[in-house]
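Each chain gets a letter, A, B, C, D and E, in the order it is written, and its residues are counted from 1.
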Amino acid sequence: MKEIINNIQEKFKISEVTEQRENQYFISVEKKDTIQLVTYLKDIEKFTNFILLTAVDWIEKGQFQLTYMLNHPSKKLDIGVRTFIERENATMDSAHHLWEHVATFQRELKEMFGIDFPGSPRVDEPFLLEGWDNIPPMRRDFDTKKYSEETYFPRPGRSTNDPAEHMKKKLYPNE
Amino acid sequence: MFHWTPDRSAFPTAGPDGKFDFDSHKLVKIWHGPNHPGVTGNMSLELTISGDEVLESKTHVGYLHRGFEKLYERRTWIQCFPTVVRMCVPESDSNEYNLSAGIEELAGIEIPEMAKWLRTLVLEMSRLQALLRIVPAQGGTVGLGLGVQWGVYLRDLILDRFEELTGGRIYHMYMIPGGVRGLLPDGFKERLEENLILVDEFVLSIKRLMLDNAVFKKRTVGIAHIPVEWIDKYGIVGFVARGAGVKKDVRLDYPYLAYDQLDFDPAISTDSDIYARTWIRWNDIITTVDLLRQIMAKMPKKGEFKAPTPNVLHWQVPKGEVYVRSESSRGEYGFYIVSDGSKYPRRINLRGPSYTHAVSLLEKMLVNSNISDIAATMVSLQTCPPEIER
Amino acid sequence: MAEEKNYKIIQPDNSEENKFLKPENYKREVTAPDGNTFIVDPLNDYFCDAKPQPHAPNTIKVVEKFLNWARSQSIWVLGFGTGCGSIEIYPLMTPRFDAYRFGVQQRPTPRQSNLMIISGYLSVKTLKRAIRSYEQMQSPKFVMALGSCTINGGMYWDSYNTINRLDHYMPVDVYVAGCMPRPEALLAGFMELKKRIREGKGEGANQYAENFDWYKANQKKIIKDWNMPDYNW
Amino acid sequence: MMNLKDILSPFSAWRNLLKEPVTIKDPLTERPGAPRYRGFHKNDIEKCIGCGTCETICENEAIDLVAVANVDTKNGDSGLRPLVDYGRCCWCALCVDVCTTGSLTMSNEYTWVSNDPEDFRYIPGVDKKEWDNNDLGWKKPDYTLIPTERMDMEEMEPSEREGTFLEIVRGYSRAQAEKEADRCTECGLCVATCPAHMDIPGYIRAVREGDMEEGLRLLYETNPLPEICGRVCTHRCEEVCAVGHSGDPLAIRWLKRYIADQVPFEEYKRILGITSIEENGKKVGIIGAGPSGLSAAYYLRIRGFEVTIYEAKSKGGGMTMYGIPKYRLPMNMLESEIGFLEEIGVKFVYETRVGEDISFDEIYKKHDAVFVGIGFEKPYKINIKGEEQKGALQAISFLDDINKGKKVDIGKKVAIVGGGNVAMDAARVARRLGAEVYMLYRRRVEDMPADSEEIHGAYEEGVQIIPQTIPVEIIGEGGKVKSIQYLMAEMVPDEKGGRPKPVPIEGSEQVLEIDTLIGAIGQEADYGFLPQEYLDKIETNRGRMLVDNNNKTTLDKVYAGGDAVNKTADAISAIADGHRAADAIERMLLV
Amino acid sequence: MKIVYVLLGLFIIINYGLLQAGVLRRITARVGKRIGVPFYQPYIDLIKNYAIRSQFSHGVMFYLGPVFRLSGGVGIFLFMPLIFGNEIFSNYSMAGDLILIMYFMFIGMLGMALGAGEGGHPYSIIGITRGLSQFTTVEVPFTLAVISIAIQYQTLSITEIVAAQQGGIMHWTLMTNPLATGAAMLSFLGMMMYAPFNVVNAPQENPLGPPTEFHGTFLGMLQTNRVILGVMEAILFMNLFFGGATNWGILFIKAFLIYFYPVFVGAVFPRYRIDQSIRWFLYLPTALGILAIIFI
């Protein structure tokens, strides 16, 4: 694994390497190099099994983290390629030409995070939702509890007490 | 004498924009599901058919979308633990294991030996109950409902053991981060063994009823073939890959829990059709029963079953990210967990085998297949919508 | 289907009921190839034929009682697994619990079913199909709701995609507590339902018809996309 | 391709026709849930303390805490009980596993069918359900979700303690404190029990999060002497700690001390935000610089009052200064606390005994309000023969002398009479001076009013406790104590239901050779400073001043607090009194 | 007077059919290790379906579909002699009734096709298309067998065929013309639409097939027809190949056994796809039928 990481570091600008396990590494790379790196890993280093593509919303930094998780089937190695993209008008190059199922992941990301992958097949079709007209739900600025309470009629009649407050009310109300 | 193959040149084809001309009256669009006994769970397929042949298929999922990954933003790590189970209904324990293993890896907790064995036991029992339902269900998809009756009964007996051990039938919520929630009750081993003997009988009778059935063979041999090149192209895992001749099994490739101390060899076939995949899963029942017997024999009798953890009410799992995987009955089942060091997980992402099997692979496989084979194809991939949609 | 526009949208008025209407659901004047024009109301034409009508029970008490008995002894369940609770229907319909002996059977088509089991949470997308299936069922029809999710949102109480209480969208006859309810609990639910039917209380279909506007308003509030997928039948 | 076997073998299924079906005849009655089944909730209403941990852990907000008739709110019991909403519950049983008392369990009952969705809510244990008496079902398993073991406090070895007055307890390190703070469930039951109603969950959270400044702010909201309380508080909060029901209670006192220790005194002003005080021109006089007086002084001062403290002794701190041995509370802590008060502008007038050096009348007239925090200074006598002899001391003065640094010759063998904290202090101090210490107490060891850890510490250090003894006579030789004669007692249950009374056993006299006898059976207030006209107006009850809810005495403008007012006679109550009085004075003078 | 006898016969047949359906469901349930429905369950289902309050229609043919189907079943009944040598239960049996009955067997299916087509549901259309194609191929071996025995007995009257078989088991067509019996019994599997030939209303593929849209009274009529048709087809085969019946007892036993035979096969086999089932009928049963004609 170390060897492979060294190889990559020679060829690409890797900003961060995290060793999670002996056979699981996460590396960070710039947005423009990402697809190139993934292609390189697939074709040259033979990380032929694409596990997942997902996004993490770092709203504090105004960034989405995209993680491409690749797996080397015979050497049993995992490598996670991380890249950070801007949260506003998020777009990313599509990788659907590398594996067939990448398009599904990209379709989900488009719907749930609003990250666009121009050129990916059916990327604009709704995947899980239907008739959704709010901001993409997986973005952290979308408040699911508030939305649910406003939309889905929570059953009324519930109220709770904080023990400390209640005891204050009962035992020493004047202090 | 009566051999006839359809003349594909007469078939309608999609226009330059990829759309079909429905005004030609050679096409019907049908919705296979969600309210349809032939789909696995609550999902649907939008099929464009001509005669009995499928020209185009689109998977529609989201009927079970509950936004789990969003809900985890609002839940502490321990509160994720009961929730995560619901991500896959037929085999919930892989979720528990993955979440717990992920948290333990991030927090650097080593679980006790006893807990490892109990987890292995529960995972294998879970696999067994899933297989007992799905293997005969493969017969059910082509009209042989009898095996389902037997299989689900046995599954229920395994669920009884689950109930005894974990307190729940379907959602066990047993593998809490740090270990498990209890030891084996008295006499568990004997009762499990009684059930396993019944499963042994079932294995034989289902073979006689289904695998050695002329009509079943006719319906499944050579149908829904998956070429071996597709394995990487579509990210195929588990028994589907093994059906195509690629031995993929997380238990062997990335041994976890006590699997490195167990002796097993999952079946493999190169036919890569529905029959081969059924046969492999039928073999998996035998493997699993054997594994369960090995586990019961090798398991320590007593011991600590939970490592101490910080106060779960405000457990801050250290910053980091990890991908953990386990082998479910459908194949590699992975969790991608990101922690930002706070009380709440930053991201928990599930990558189930059905995510590709039921979407990109199924869409591809159904093209030019017969509508009668759709249900059989889906069950042969053991698609499970809740894990696609979460 | 040809994509070209052969219709003219009719702008709706600003009344309360049109508040949630999306542009694709506006009424439209369609010109057929033969030159005739007709008006299509997507909401009605695509979703629900007509407002359902209440159907009075048989006026002769004894007859109605007998028919109710027959209904209670022959419950045909729509085989629509809306949520995770449907996994417990397997044991129910197989040897261990064998609900057949209590007159319960599964039916794959809503037209012939009497009972709809909402097995747990309903996402908005499924709710739309569940409502459609429910409306396709014939009176008298019953609804059984499984699990916490149908009562008060259950586990998914704060989810953006699942409803919190079913009784706002369709009349429910029996609730079964559990997450998920065991097959025995489901059987108990069937027994309770039978009792209700025999007592003549299983009038959910009429309740739905009488309060149709209320139910519809609730449904419309959350189902933004009323368009059914383009069936060509 | 069809072979005959494939056609015939399926027919083997028909064998089942002759077998008995496996169907359960009556599933509803024949199949109870497994012994561990997670069915509907049960709650032992007596055992439950309404801490709400179940509510906290529930991911579905299925549990509400509601007030219940027949369950009173009392110390350590909020009087609330969980209400479970089965429209939310997911039967994960985390609430059972996390339950601090183990009162919440689950039955193995699982059928609940109704046509009314509003039905599915109930208070387990209160609303009667048929499964209340079900013994089977999920119980709290043999593991913990909240660590039950307290972080050990590092202590000086008992053997090293002789001859030194260094602090025994070393204090938590950061890791220890965070680990200990981690155990808190933030239920807040302790807040009501704490006489000062400190925001205990709040400052523990601050420890956990490493935010010491926030912690200090929270401490000072209700307690201006955290350094003292962090060491010598009687920590009644720990007695009601929810975590303590299934393990060790949280070391709340040590955590408080940890916060106070972390922040240097120089930073206090900045952290507490009292860089400038807006004077309001009102004057308050405080008699006695004990905890109650200091507390009142702090709260009045930060609100802009001009505060003057009259103290008879040369140093402030009252009993904490003179009564508490320095191995429990190092002198410098107190001095810095008082120094901080001086820094923010509280005036201290030392060595001024009211009634002698300055008259009460003068103080009363000069100030807009007066706070009396005189404490209990006058020790009770044992009232037996020979008490006047040399070598018969009083614990209070003994401790005072030691703290002042005087040499006290106590000889080789010392007997302490009494079983309170003062007695313990005296005993342990005497041990440190190298004497062999016997402790004579009327009742049993478990009846001792002293803190259990004090008793424990005394044992550790080699104090010999002789319980159930009633001293009869001090036998002297040449005007000096030589031995003490005592009777053994037996415990006779009180007919009125009070605690058992010791009754001497006739003829069980024993004699113990001693060099010194230290009496520590209690103290009382000395109202000698009050002129008769005021004394008439201030009502007292068994030596304590009567005060209302605002700590106001029956005399106008005069407030009181501390030992002279409340029975508990500990520092934290005194501090609470001071705070309460300060609030009341502010209300009286400013509103 | 005849009409009263016919109605009496119909009443008996319907009741027998319902009970038989219940009992057979119990038997198949037992193979699946279940207890199964109460034997009177088909009655309740029927009552319940007739008691459905609301009805709606997709058009005139939607009404007529079940009517056609029922008339097919009743038509077979009308011309079928039930008890040999019993004037009361010989119905409208006459010289060429075999042809008429074969016609009625098909007309029901055609009626169903019209009704299902009007119903508009794609699955009912797919189902009925399959049904028609399969039934056409099923008819091939059956027709060959019928031709074979018509040649053998030189008659097209069922009563005469039954008469010719009297006098012991050795006179049954089963013994005298085993090839035709074989061909006909194989096609009987397809006629009864049990597995492996139940692709017409295969739940996993096209939920329920033709009757998808039928509900309430329509469904009740279809159920009634199913009861009559099933029993009458069994009686037809009994009459043609198994020596007929001389009293009700024998009729019930023979009809039950003949009816049980497709159930026996169907319980343990999956279903063929439509192309496979068509092919299957055109191979073995048709070959047998041809041989039956050749070797008569």
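As a working rule, a contact is a pair of C-beta atoms (placed from the backbone, for glycine too) under 8 Å apart; a residue touches a chain by one contact, two chains touch by 3 or more.
No experiment lies behind these values; they were computed from the predicted model shown.
Using the contact threshold fixed earlier, the set of chains in contact with both chain C and chain D is A, B, E. Of all chains present, the one whose mean CA position sits nearest the global mean of protein CA atoms is B.
With A-C and B-D as the two chain pairs, more C-beta contacts join B-D. The centroid of the Cα atoms in chain B and the matching centroid in chain C are 30 Å apart.
Taking the mean of the C-alpha atoms as each chain's centre, chain B and chain E sit 42 Å apart. Mean C-alpha positions place chain A and chain B at a centre distance of 23 Å. If you average the CA atoms of chain D and of chain E, the two centres end up 88 Å from each other.
Taken residue by residue, chain A touches two or more other chains at 128-130, 137, 142, 144-145, 155, whereas all remaining positions touch fewer. Shared interface positions of chain D, defined as residues touching 2 or more other chains, are 10, 13, 21-23, 33, 59, 85, 87, 90-91, 117.
Among all residues of chain B, those that touch two or more other chains are 28, 36-37, 62, 65, 67, 70-71, 74, 82-83, 146, 149-150, 153, 171, 209, 213, 218. Chain pairs that touch, as defined above: A-B, A-C, A-D, B-C, B-D, B-E, C-D, C-E, D-E. Touching chain B in their complex are the following residues of chain A: 18, 20-21, 23-24, 26, 48-52, 54, 56-57, 65, 67, 69, 73, 76, 78, 80, 99-101, 103-105, 112, 126-130, 137-138, 140, 142, 144-145.
Within the complex formed with chain C, the residues of chain B that make contact are 22-23, 28-29, 31, 34-37, 41-42, 46, 62-67, 70-71, 74, 82-83, 86, 89-90, 133, 148-150, 152-153, 155-156, 159, 169-171, 386.
Against chain E, the residues of chain C that register as touching in their complex are 49, 52-53, 55, 57, 67, 70-71, 73-74, 76, 94-95, 98, 100-101, 103, 107-109, 111-112, 114, 138-140, 205, 231, 233.
The touching residues of chain D, when paired with chain B in their complex, are 2-3, 5-7, 9-10, 12-13, 22, 33-38, 53, 56-59, 90-94, 97-98, 106, 138, 141-147, 179, 182-186, 208. Those residues of chain E that touch chain D in the complex are listed here as 27, 29-35, 264, 267-269.
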